[in-house]
Amino acid sequence: MKHETALQIAVKTENKPGPKSPATWLGKWENQIGSEMTLAVTGTDVTGSYTSASSSGGGPVTGALKGNVSGDLISFLVLWPGGSMTAWTGQLVDDQTAPRIKTLWNLVTDVPDPEEPKRLWTSTFTGADEFTR
Amino acid sequence: MKHETALQIAVKTENKPGPKSPATWLGKWENQIGSEMTLAVTGTDVTGSYTSASSSGGGPVTGALKGNVSGDLISFLVLWPGGSMTAWTGQLVDDQTAPRIKTLWNLVTDVPDPEEPKRLWTSTFTGADEFTR
Amino acid sequence: MKHETALQIAVKTENKPGPKSPATWLGKWENQIGSEMTLAVTGTDVTGSYTSASSSGGGPVTGALKGNVSGDLISFLVLWPGGSMTAWTGQLVDDQTAPRIKTLWNLVTDVPDPEEPKRLWTSTFTGADEFTR
Amino acid sequence: MKHETALQIAVKTENKPGPKSPATWLGKWENQIGSEMTLAVTGTDVTGSYTSASSSGGGPVTGALKGNVSGDLISFLVLWPGGSMTAWTGQLVDDQTAPRIKTLWNLVTDVPDPEEPKRLWTSTFTGADEFTR
């Protein structure tokens, strides 16, 4: 749907939660594959770094992370060394017991101009990742 | 797929493009519905604001925008007043003639803790948007 | 979010439309790249074939198509010769004037078992396509 | 990216797996929330039914399921009573030990024509689901 439509629904249905303590998000998180991210929080701003446990191509890759947090929600971006980018959106669940961040992500890959006629859109990969402490 | 796998493919296939001039991205962009974003670029950092042309709920909504650019690629986040968040990933196409930014987006909606048992994951909406000058 | 949650919202908000005539969907549709699909409709069942205008790898690829239609909505699957699969979901817009089908799609790629440890999830690509008559 | 581009990559990289026995997919699968699907397989065709454990709106909802399987891959559609539709794409993992089907899904919601001007695209929700035996 149009983003505007989704946003209308979102604005209508939201329940502004009390802000989580920054400690909710702070520190190191790891996904199922051993990729790690370290988060720092100032207000709703998130900064940090993300190291993907990529095994081929000579080992792990690290990129700077920036994003937003609000209540149980988080969204963050990583810019990879070669220019590819990933955007995650997700939610913290079971934060009182075994906090996990459940996310969906899109990764866009750089495509040079000369190849655009036949690869007009950049390659976009998608998937789901779950992070635990 | 695992994000790690996608990233490996991305790193292997990328062709590091010469950096676009910041002017490539600078300024005002509008989508098909009249939502507007204004971008400022410093290196690979993007900042700006995004105004959604949402008609219900009392008119447009504006949120701060931050993101990354690299070559033809862009990813950016907006944090909405009520705490919902959108992440866009996309690519600039036809930049020599009629520049457009083709994007996919995910919007996550805040869900209060008490409702998590039956709404464990936050509402995530998805869609595609295209921006022109 | 959980599919269940989305479904609850969907069921609550839906307005059962009068069924479109099968003619609404019938026949040949083409996307921006010249890929073609031909649809036949029986009740809510869609069958047909889809030919992707893939230029590399020796020209176009064709796969059988099956899906559902209901009101303005369509979802359909194509199984590609090598075993990859695409799922589209979308909606018919401007059906009285210049009918277009706006879709989002996910494409999953086959990954052999021995590679699963490092490529545990299959490669999933995502994107948006628009079809016109 | 364009679906054509993704498909080219998919066709190039695929490794045609030996067909799984229909028994691989056959029978009842359940996700984390208690939704159940029952699959029958003939060649690459899947049929069955899917019952969502939706608790509001008067309990569970059931819809007919159809799809494709090939090797470790599956894609399937469900048409819900009110006309909404979900498309899943996914892969079977750990099939020798603890088989799970990891999926991504999109759910489109019916939007009546009169509301299209302000809700031009149908509501599309997205998420990830995992099914076990």
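Which chain is which? They are A, B, C and D, in the order written, and residues in each are numbered from 1.
Quick note on the criterion: a contact is a pair of C-beta atoms (placed from the backbone, for glycine too) under 8 Å apart; a residue touches a chain by one contact, two chains touch by 3 or more.
Model, not experiment: these values are computed from the prediction.
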Over-half contact-pair match to B-C, picked out of the listed pairs A-D, A-C or A-B: A-D
C-D against A-D, pair bridged by the larger set of C-beta contacts: C-D
CA centroid of chain B to CA centroid of chain D, Å: 27
Separation of mean Cα positions, chain D and chain C [Å, integer]: 12
Centre distance in Å when chain A and chain D are each reduced to the mean of their C-alpha atoms: 24
Chain B, residues touching no fewer than two other chains: 1-2, 6, 9, 33, 55-56, 102, 104, 106, 111, 118, 120-127
Of all residues in chain A, those that touch chain D in their complex: 1-2, 5-6, 9, 102, 104, 111, 118-124, 126-128
Touching residues (chain side chain A, partner chain C) in the complex: 33, 55-56, 106, 118, 120-121, 123-127
Residue ranges of chain B touching chain A (in the complex, touch as defined): 1-4, 6-17, 31-33, 35, 44, 52-57, 61, 66-68, 70-77, 79-91, 93, 95, 102, 104-113, 115-116, 120-125, 127, 129
